[in-house]
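Here is the structure we will look at.
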Amino acid sequence: MKKIIIAGITGSMGKQTEKLVSSLKDCELVGAFAPHLDDNLDLPAGTKLFSDLKDCDIEADIWIDFTVPSAVFENTKFAIEHKMRPIIGTSGLDDSQISELQNLAAINGIGGIIAPNFGLSAVLLMKFVKEAAKYFPDAEVIEMHHADKLDAPSGTAIKTAQIIAESRNPEDITEKTLEQNPARGADYEGIKIHSVRLPGYVAHEQVLFGGPGEALTIRQDSFDRSSFMQGVKVAIEQVMNLTKLIVGLEKIL
Amino acid sequence: MKKIIIAGITGSMGKQTEKLVSSLKDCELVGAFAPHLDDNLDLPAGTKLFSDLKDCDIEADIWIDFTVPSAVFENTKFAIEHKMRPIIGTSGLDDSQISELQNLAAINGIGGIIAPNFGLSAVLLMKFVKEAAKYFPDAEVIEMHHADKLDAPSGTAIKTAQIIAESRNPEDITEKTLEQNPARGADYEGIKIHSVRLPGYVAHEQVLFGGPGEALTIRQDSFDRSSFMQGVKVAIEQVMNLTKLIVGLEKIL
Amino acid sequence: MKKIIIAGITGSMGKQTEKLVSSLKDCELVGAFAPHLDDNLDLPAGTKLFSDLKDCDIEADIWIDFTVPSAVFENTKFAIEHKMRPIIGTSGLDDSQISELQNLAAINGIGGIIAPNFGLSAVLLMKFVKEAAKYFPDAEVIEMHHADKLDAPSGTAIKTAQIIAESRNPEDITEKTLEQNPARGADYEGIKIHSVRLPGYVAHEQVLFGGPGEALTIRQDSFDRSSFMQGVKVAIEQVMNLTKLIVGLEKIL
Amino acid sequence: MKKIIIAGITGSMGKQTEKLVSSLKDCELVGAFAPHLDDNLDLPAGTKLFSDLKDCDIEADIWIDFTVPSAVFENTKFAIEHKMRPIIGTSGLDDSQISELQNLAAINGIGGIIAPNFGLSAVLLMKFVKEAAKYFPDAEVIEMHHADKLDAPSGTAIKTAQIIAESRNPEDITEKTLEQNPARGADYEGIKIHSVRLPGYVAHEQVLFGGPGEALTIRQDSFDRSSFMQGVKVAIEQVMNLTKLIVGLEKIL
């Protein structure tokens, strides 16, 4: 049995993770952490709740974190130092913090995973795009989100463009004589990104590849955040075998 | 029997039109015009060829024009003055020329059609978009063309955006607080247009509409110019009933 | 001010309709009907609640019905006899009941609308499909729904196929020598329908049209039933101008 | 310099391969084989033409075969016995012939490739589908072809379904209570395949994956057979490093 602590148990992702853990036969929820405990929490008997890291004296194999950017570094450090393998879904760790945590994990001899995105369709899209760009260097990204999304392009679209740029051979790109033009979208290292913002839409991304006489399109649609639980499940299955603290769910797919 | 003259018989569109006319039971090719006659032309017996308007003494019901911008105005004038109903696929007529030709048609009591685009899928898309924009004021246009297309956005995409802008009620548009941003594409009267340029692609356009909890998408794909013949066929069927010189195939669909 | 009664106020659609009516400046909710009244209802002051048609002595212009199949006929009859224009979203009326109600509406000199589907994207899709089938007689329907949907094809897909069959000219269909084959889907009057059932999907339909060298695709996605409110809004705007009891939102789009 | 013989030089694929080889800096066409030589062939100076295997005394590194099913086995045998690495695009080899050729290649110590499909987009689609099915066991295949295609489903769609069936864990599939139904398409080991046949379409395949709250779609479009040349190019680049006679371009992508 894998013993698990969930940090951020009162949030939406924490609650969904709790249901997931309950449904897994080889897992047991042993602890739950939230700074402000909520009386309505309906946790399995025997789960210890705590609202301060200092109060945590529970032995566990895995620490799953869906808390807030301001807490995630201290939480992850605490988990590693107490030999709990971290599965981190909270955003906010910067590059130097990640390096420090990776060193700490190496010293303590445990693996773990920091995943900015637990949506399997998005992570698989990026994995496939990396491969496809080797053979189809000409590619463009279209991301579509609800009208309330304030930033453009989406972080995922930028990351996708970076993956294409790193994977393709610049010599193979078809030259275009078209002048720069607002209709051609944002340019990330030569990859065009187009952002659509419309009511009704949720979160969608497609990558279009074109070559002589053919086209390849990879598309993912996220309808709601329940989709993240499939990714968390994969992480729980794999984390005991990891020997390093890795970044990105794609590393274990 | 509708008697037909094809102007521009030696071009690709002229040749396809000749095949179309031959296949229609109620049509007869009586004349063919080209400044430089091509000996390899294999026209039905009895078709008179001529290489100068002055040499044309043929009576016909319909004049179909796939020539060049520099010739189209004189050709169309000639057709109308000789009581032939024009079906004009040649580009290059400006607004004042079109007005003059419309007056001339009215004086001569005949109808006709000037069509910048004979592709039925593109014309129907624009017709449907006009209707949809009344109920879905939030819309974006994505057009996708081969990597050699030099201009962006495409003329069809701009026309599509104009149709949306004219048809929708500005008060119904969902407000977006997003700053202007290259990823958001070109802006035509508040409609965003995104242009994709990739090898393998031919000529494609899609319009995305979004509303609360739903989306509507209309897409057209043009794989080759043979598609224009369906539109020419519709024009031949309808032109005898027209009482004006109209612009746009959508007027008779 | 249009005075409105909502029948089925305690259901999900009834509640959403109540919010819609509250947001419309020229509408006033004057009555609400539900067989089992719910104390938690938070209706505008002055709205009369009743749980039996006999208790309804309210004067209103419009009766909006989202109740149950067993009640809808009696409700609609009641509304018409009391000079309230019916907007009926409840399913379950059969052809003879509809005829009877249409006669009753004619006698009472009022119009109204029975709409099996208030989703604007689905209704517009059907309207456009009717038009497109005249020019693109070759068409296939693909509908995609969540894995729990028990019937296939969907009712909307069957209706779409019927519209295509009625609208296209059978002589124009491209002959196919392919033998009947399970991969080719269900056949409704010569139109192929394909039904996809997958988790994650909600309710989506696309119609593919193909012609020489080109293709036209119309697609609609319903993500949640909030989308129906746009259609109800259109019905409220138009119902006072109707002189008959019509069936289908497409009649007033 | 890689010395290359092209068998089937007079066919469409042979001619395209000749152009490809001419454009590659590290390749030299040394021989061309066709049973009926065509005087119009415009081959590089120094290319030896032959119309019978007996007349072939040319030394080459690679034998590229786009001939006919009745000739491909003897051709490939000949190539291997003469230490030429085969790249076989001709269909028609059965399983026992492939085994025999693989043994022969092992004895002669050379590698090669037999590829039923050189279209990179189709081959990559199958590669990605194999990976995706591990995480998205619920999948359906939709293939779309021109109206003249006589068989359904396409061979590629059947192969795609087999890949999904082999890759996914049957225990993870979402149970559907829906009865078998023509609209649900053909069933290959539990995977539904839908075949669309419409004029205008060329050759297209999409695989739809669905999971809780999300969807992943992979689509490929083949517009013309020029697309195969990208796959042949990859095969030429890799074949000198192969130590076995492999089947399927996906093995070297």
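Labels for the chains are A, B, C and D, by order of writing; each one numbers its residues from 1.
What we mean here is this: a contact is a pair of C-beta atoms (placed from the backbone, for glycine too) under 8 Å apart; a residue touches a chain by one contact, two chains touch by 3 or more.
Here the structure is a predicted model, which means the values were calculated and not measured.
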item	value
Chain of greatest Cα-centre distance to chain A	B
Same vs different contact residues, chain A with chain B, by half of numbers used	same
Cα-centroid distance, chain B relative to chain C, in whole angstrom	36
Rounded Å distance between chain C and chain D, as computed from the means of their C-alpha atoms	48
Residues of chain D engaged with two or more neighbouring chains	200, 209, 211-215, 221, 223, 227
Residue ranges of chain A touching chain B (in the complex, touch as defined)	138-140, 142, 144, 147, 149-153, 157, 174, 176-178, 181-187, 192-201, 208-215
Chain B - residues contacting chain D, complex	200, 202, 221, 223, 227
Residue ranges of chain A touching chain D (in the complex, touch as defined)	119-121, 124-125, 127-128, 131-132, 134-136, 209, 211-227, 229-230, 234, 253
